[in-house]
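My structure is below; once you've seen it, I'll send some questions.
Order as written gives the chain letters A, B, C and D; numbering starts at 1 within each chain.
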């Protein structure tokens, strides 16, 4: 089996930091194509520093099954429960990307403002952890139950916000998940800016679908650029 | 025939990325001075990575005529139809530069706020693709018909916005088109900021014309700086 | 005695500049673990250029006790009086970090908007120097008396703003103080952006406490990334 | 005579670009200490590329007196007329720094928001060229008359805005003029951000004076950092 996708997972960690989606926190995983009930993710560490030997294998209970005794992120249940609920999803990003956060803590909804953000769909759902465990949690997805509830809020969407915390983005592939995580942040910034100027003329649902389908045919183009940028720095 | 302008076209691709106008998407073209019914543009690829051997020649039907079998961008009709409609235009930039997009999706119009943005004229027209092909398109200029309609909206202006998509900027030369694309973005950012503070005192139409004429005499000055910046990175 | 913490103090100076918290001004100190009534801080100089030999030892009167005759920052009393009032505090940062300043000069209070900013507590107190020395001062904490008054405003908080000036951030360790200084700036920026969109749903006090406790277990993770970033530049 | 100040003038050009005050346009000059009716400025070129051999000497009529036949900026009259009107001024910066421009085109006035911007005084005057030559100019200070009128608007201030154009900043020395140009931009950005949050509590006039005097004793500190930053890039 070719393990090229593990190199892509390492690269995706670096790209997401370099493009401002991840900082010292956040994570990206990829489903194991040969064992769909397993996924790869880094051990608990800053994504900017992840290398091949830092990757671990988890099962859908969120347990590390290899290598022995290595710990991954507390919030691995974000990944395991979305992989369980969404068989077509093969990569998951959890981030605190900054322009997105305001849409989780106000009544304004994140919506597709241009043809690069059609994947946001009609509007982006917001997960409120208080509904599950009350008003004194540390907001982390610390259990399978919370992961399941988040996955339920996500539904069939590409992105869900987490109130006071961040967001989760999913894709059919690493490249699609990275594309969506970066353009969710870009689109949120555009919406913040446009909201200064008055009412916004968003994409229709049909435009959102059509532009999302169109962009799926061009995932390689920005990936090449992001890759080149990150490699210049290393 | 000197092909120095092809080196400038490569450089312009890199400058526009480096100055934040293009990202993984967008394109710039130049009319062939010897065959005014042809133009040069990169094949379908990220502008940051364009080199001399990536350039193709198109005709005004938007067909690649050389090299054989190479594909260019879907939206080549933006370029071909503007070259057809505007004989004095020798370079066209299509971008999704971020500060400009809010002015295409709200009722606020992009207008000249300072002496560097006089080329915007009285105000910048906005192209609405829904008027041509309804409310479920992917917003791309996929045909000669759509290109022609965009060119009609552009009229005699230097810049036209495309609702939910981006903008197109034209010039008598590569340097003028690049100057305008960069300063359209800068000016949009200034207008977004100034709009926080109350009503804006824009340039008069006569001031816009006079400053635009004045800047045309200084196109080389910022070009030298942009060139040096991009070359330091490469 | 290991002096590793002095290397961390030098590194913290560079990290805080690199992450946009300090510029040519501002300072960070660490309490001497062996002499709790003394602390280390750089001599009066730009934090970006601080090296081991630039560190001086001060007592809680704010006097440099070694090396002889070297001067430190005018505002050393910020540090000395907080160390006096707060025995559990082992590191103090004073900065003019930009997103924080608006919350010191308006009626809006800086509050915890997400799980990374729980350390802000219910809301951040604001020190008004006019209450101590009237309306014609240069706003600097030039004396033990002013330092004491600022420490009193700080109370048991992690952060206090200084009207028209900047802020002070404290921690149990250099890493905690740096974490809080960086995330106070990040959180202020998020709050500025979210305030465009309407009323903000802040963390509850219990959420603020729980997330702050949680983050204290992960202080090393972003520190590794900040360290790597700053070392790449040097 | 030591010509160290000419090296500082070259460095100041690079610093002002690197810190975002100048771009491809704008200029800084220094009065000749030995011939107070003369000043040094670069020939007409991008400030990022200025070197010692690019400096020219002008008289207070705005004529280049050496080297023979070299042209400097059209707007040299900004410098010559301010040197004529303000004997204590030894350096002048003209820029289009972006955060400042909104305060020249709206009714909002740029005012000192924190202790780093006390030099702004009570509030910053705005020059309106329409009062001198009507509503169809190219906004440039193309003559001694316009320079004189701008100098009159500046009066005894450190900074004057130019509607729809930019600003001018003066100092007793290159370091003071550079400090003020950079902190005028910083302060404008802070005021733009704070204006989102409600009414701003600005410095009193006495605080502005006291903080300005205080900062004049620390001009070397940020200069060292700006110098190191720019030299790392070259």
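The rule is simple: contacts are C-beta pairs under 8 Å (C-beta built on N, C-alpha and C of every residue); 3 or more make two chains touch, one makes a residue touch a chain.
In this text, all values refer to a predicted model and were calculated from it rather than measured experimentally.
The chains touching subunit C as well as subunit D do not exist; no chain touches both.
Seen from the Cα centre of subunit D, the chain whose own Cα centre is farthest off is A.
Between the Cα centres of subunit B and subunit D there is a gap of 32 Å. We define each chain's centre as the mean of its Cα atoms; on that basis subunit B and subunit C are separated by 46 Å.
Annotation for subunit C: residues touching 2 or more other chains are 196. If touching chains are joined by edges, the resulting network of the protein chains shown is one closed cycle, each chain touching exactly two neighbours.
The set of touching chain pairs reads A-B, A-C, B-D, C-D, using the touch definition from the header.
Residues of subunit B touching subunit A in their complex: 17, 23-25, 44-46, 48-49, 96, 98-99, 101-103, 105-108, 135-140, 163-166, 192, 195-196, 233.
Within the complex formed with subunit B, the subunit A residues making contact are 113-116, 118, 186, 189-190, 193-194, 196-204, 206-207, 209-211, 213-214, 218, 221-226, 228-229, 232.
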